[in-house]
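Please read through the structure below; I'll follow up with questions.
Chains here go by letter, A, B and C, matching the order in which they are written, and residues are numbered from 1 within each.
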Amino acid sequence: MQPGFAMLTAGLTRAKNAGNILMKNLMDFCMSSLGYWAIGFALMYGAGNLFLGGSFFFLQGIPEETSGVPTLAFWLFQLVFAGTAATIVAGAMAERTRFRAYLVYSLVISAVIYPIVGHWVWGGGWLANLGFLDFAGSTVVHGVGGWAGLMGAIILGPRLGRYNSDGSPNAIPGHSLSLAMLGVFILWFGWFGFNPGSTLSGMQANLIAKVAVNTNLAAAAGAIVAMLAAWLRTGNPDVGLSMNGALAGLVAITAPCAFVSPLSAIIIGAVGGVVVIYGVSFLDRIRVDDPVGAVPVHAFSGVWGTLAVGLFHETSGLFYGGGWGQLGIQGLGIIAIFAWTTLTAGMLFVIIKYTIRLRVSPEEERMGLDHGEHAVRAYPDFSVSSLD
Amino acid sequence: MQPGFAMLTAGLTRAKNAGNILMKNLMDFCMSSLGYWAIGFALMYGAGNLFLGGSFFFLQGIPEETSGVPTLAFWLFQLVFAGTAATIVAGAMAERTRFRAYLVYSLVISAVIYPIVGHWVWGGGWLANLGFLDFAGSTVVHGVGGWAGLMGAIILGPRLGRYNSDGSPNAIPGHSLSLAMLGVFILWFGWFGFNPGSTLSGMQANLIAKVAVNTNLAAAAGAIVAMLAAWLRTGNPDVGLSMNGALAGLVAITAPCAFVSPLSAIIIGAVGGVVVIYGVSFLDRIRVDDPVGAVPVHAFSGVWGTLAVGLFHETSGLFYGGGWGQLGIQGLGIIAIFAWTTLTAGMLFVIIKYTIRLRVSPEEERMGLDHGEHAVRAYPDFSVSSLD
Amino acid sequence: MQPGFAMLTAGLTRAKNAGNILMKNLMDFCMSSLGYWAIGFALMYGAGNLFLGGSFFFLQGIPEETSGVPTLAFWLFQLVFAGTAATIVAGAMAERTRFRAYLVYSLVISAVIYPIVGHWVWGGGWLANLGFLDFAGSTVVHGVGGWAGLMGAIILGPRLGRYNSDGSPNAIPGHSLSLAMLGVFILWFGWFGFNPGSTLSGMQANLIAKVAVNTNLAAAAGAIVAMLAAWLRTGNPDVGLSMNGALAGLVAITAPCAFVSPLSAIIIGAVGGVVVIYGVSFLDRIRVDDPVGAVPVHAFSGVWGTLAVGLFHETSGLFYGGGWGQLGIQGLGIIAIFAWTTLTAGMLFVIIKYTIRLRVSPEEERMGLDHGEHAVRAYPDFSVSSLD
């Protein structure tokens, strides 16, 4: 997933910040790797109580197998989820966040904030006990990343020049649709590892196939519907919104992919495509500057996908005669994880803001973070207009 | 395969059309996903007659397993083939096709035109009964895409400025060799899923290994021979032709990969590399403008690869004492599929031309399709000379 | 691995040479494919003596299985190693090597120089008999590529303008950090095939998991430590050095990945990150111009990783009470392979230099190799400052 997010967020931001955003995507996976090795896995899957795991620090004392696969393989797979939660935040806070602040908060998110949520749902915690279902992380992974990104974007404030004094937004287009589209394709492909991989034991070929098909159909439906919705609203089939529609479809189907029919997957993905269109507009209206649309894609569409389990689940879903129970539990889980993530991530960002500073200086932002943070230019052979 | 084609065709076309071509590659896979779910799979693998399948619409009533794998996995794998057939067309018709026309025809190709050919050969139809062999689609997939692209390129006419009034061609170089080469590498890698994956049950490790080795050797030989041929003709080892040589080798080995020896694979790939060089020149001579060389790579080299089964097949091939029978059947299948595809795709493009229009206006073509179709610029931070 | 190296080296060199370096990366894999089919595999795995294999030329007479997998699959996997050894050299000799010289030497390296080393260690040769351990090629693959690259860079001399008359270096930044970072991500991902794949039979799930985890942790540690070291020395978290730190961690863990604990992997990777920082400075001090840092990453960090087996091996390592024996054998193997590679590659480059010439003319170097060697521009829609 990491190269997908790297290319996507780099492509959707300006050339003067490309080196910085790429570096952040590289280093957050490095920090996550060490953080999830030392602490994260222990908090998430260690023996503990309903709220927190407490063994397996530094992978000490792990059993040979977990869920039928070698525990080290299980760890590596789970690390990708932790890294994803952390890297989602980079997009929402792009083009203005200090690099050292980034290192700190991506470590805390992947080693503490995310694993505790993970323990609640996947590590035998209280939400698992209640029957909350999130197959591959619409809320556990994407919600955590998206809500943390939302808090970061709010606390940072918008990029210079993003909103006029009357509150109307100025579009700040990304520097390379090619990179962004490559990122979308890599993510789409990566999702085939992400979602079906969650049926870990690998023996359930039928379930894996169903999950993969649902994942693909939801992405396709999300892209098509987002394209059509943008077309109706603006008169153009917008490229960026269609890409985000595909991603919103993928995020939405992540929770329910193992529990619903292909037709339901199409509906879930399609609604994800609508959610992202309205989500982008909504953030602009409240003047929260999320350069790549990470919050609508991951948080808003993640909420929808998690609720969709309660609607479309083939046995416990409302539309399948399962009553309101599952839907209620899904809602409760969403609210609890929203509260936990916004509270802890918010505190984290505020602490960073008043210690090592969260945001670069205005000059640095104008000159570009590549120059200010890394003394480098991403494209030195080309003249880059955003540099001036 | 989809990101490979997206990067390749984007790289080989101009920056002013990059967003459009990327968007087409994204959306044709989305349209194919829904079209092959609703109709395509039914026409291809449904119970029917020798010419057409007729059950499994919307995947209703599918058996649990097909060819020893879950039917949903089988469907997903087959979808990649359908998407490939559709996306090949995008290259041949690049830089001048209307976006809405593209959506319509890529849906029809992946949901109707391609699946019917697929039924003939892989779904128990009349060509299968005759003994026509096309292991992974030199003709079924690449031929259909290539011939449809040829009809499209003819009906569209060449890009503005492509040919002088005396008929001599002007080279219109693509905007990024990096993207194009990335596309080639992704496709080469993707072919290791495409060809060996066609031995679906996954139990035949020896056959999978042979197919993979043949695939790789043919690609290498195609690239080397195309490079040498270009070197002899122009005095330079041409990058674009070498890339297309690799792809031609891959297309050529697609039909025979399971039936021939590694040495035969090298010969088949090498001839593919020659075919593409002469094919490119031939199209220029008849003034058919195929911006990325999709027709020589997929249609012409696909014909060669399909015939090569009749020559190199280790039991029924002419060179192995199998007589002319297999070769005759291969030729018959090629002709039938050529006729079907050019006829139906030709009709489709003509209908589009006189209803929703197939080609953008000359102004739009000059300004670039990114501007005209999507109100976007692919590289807004850079000054792009093709924009003016 | 090939697309990773292609994107990395292209991104780290100038736009005027991008087509050339991409073409070299494509063609060396093509040449390796044929060379390793015809000769290389025979020299490496054929029946022979302690120094050289001598059967299986053109894959004739190979057994059905090798190491529990189909021999053709084994061959394909080994080909990737041969291609990697050859392509590493491209980076160290970038931006000034003649294309036809490149074709010749990459063929010789992948078909002769590398396979003989491979026979010594993996084909039952004298180093295998002594107990030299190099699980996936820190020295066998990366050392051979790195040392050959060092000889090439020395014999070629530095690029025009790289060093001032007083010996101080001028930085020549690469043209695209995006491409370079994409290359790093692809390589990182490819390493999960490279290292765990070396446990070929695929049955040892626990060992595969351990290898994969070690690979990932070493890469993360290498990147973090290189970033910190660069930060301390220059005041900036350098993007290029961090990327090379990740790669150095990967190279370092390649030899010991199956023999050490995750904690050792972190230490090994971290030291790799330091090695690359000092290696880059060292080459600059002796005025050897290695445009992408291939020698520090592959040769220097490869030495470290190979020695690390002797230190951290869980039974025979010095730190685990195994005494000095393993470490001595590791050192002996490193020296032998260094001597063989520098000698043969050095002779090869000298012969090329005095026959078909190794280096392009100064005008060609100034104009760019894309223009001089291939009559092409990689980015014709953009104005490229390095072209003038």
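Please note the rule applied: a contact is a pair of C-beta atoms (placed from the backbone, for glycine too) under 8 Å apart; a residue touches a chain by one contact, two chains touch by 3 or more.
Nothing here was measured: the structure is a model prediction, and the numbers come from that model.
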Rotation in the CA alignment of subunit A with subunit B, degrees, nearest 5: 120
Shared interface numbering between subunit C and subunit A [over half = same, under half = different]: different
Distance from subunit C to subunit A - Cα centre to Cα centre, in angstrom: 34
Where subunit C touches two or more other chains at once, by residue number: 176, 182, 379, 382-383
Contact set on subunit B toward subunit A in their complex: 2-3, 6-7, 10, 18-19, 22-23, 25-27, 29-31, 33-34, 37, 58-59, 64, 69-73, 75-76, 79, 99, 176, 179, 182, 373-383
Touching residues (chain side subunit B, partner subunit C) in the complex: 14-16, 173-178, 181-182, 184-186, 189, 205-206, 208-210, 212-213, 216-217, 219-221, 223-224, 227, 234, 236-240, 242-243, 246, 262-263, 266, 379, 382-386
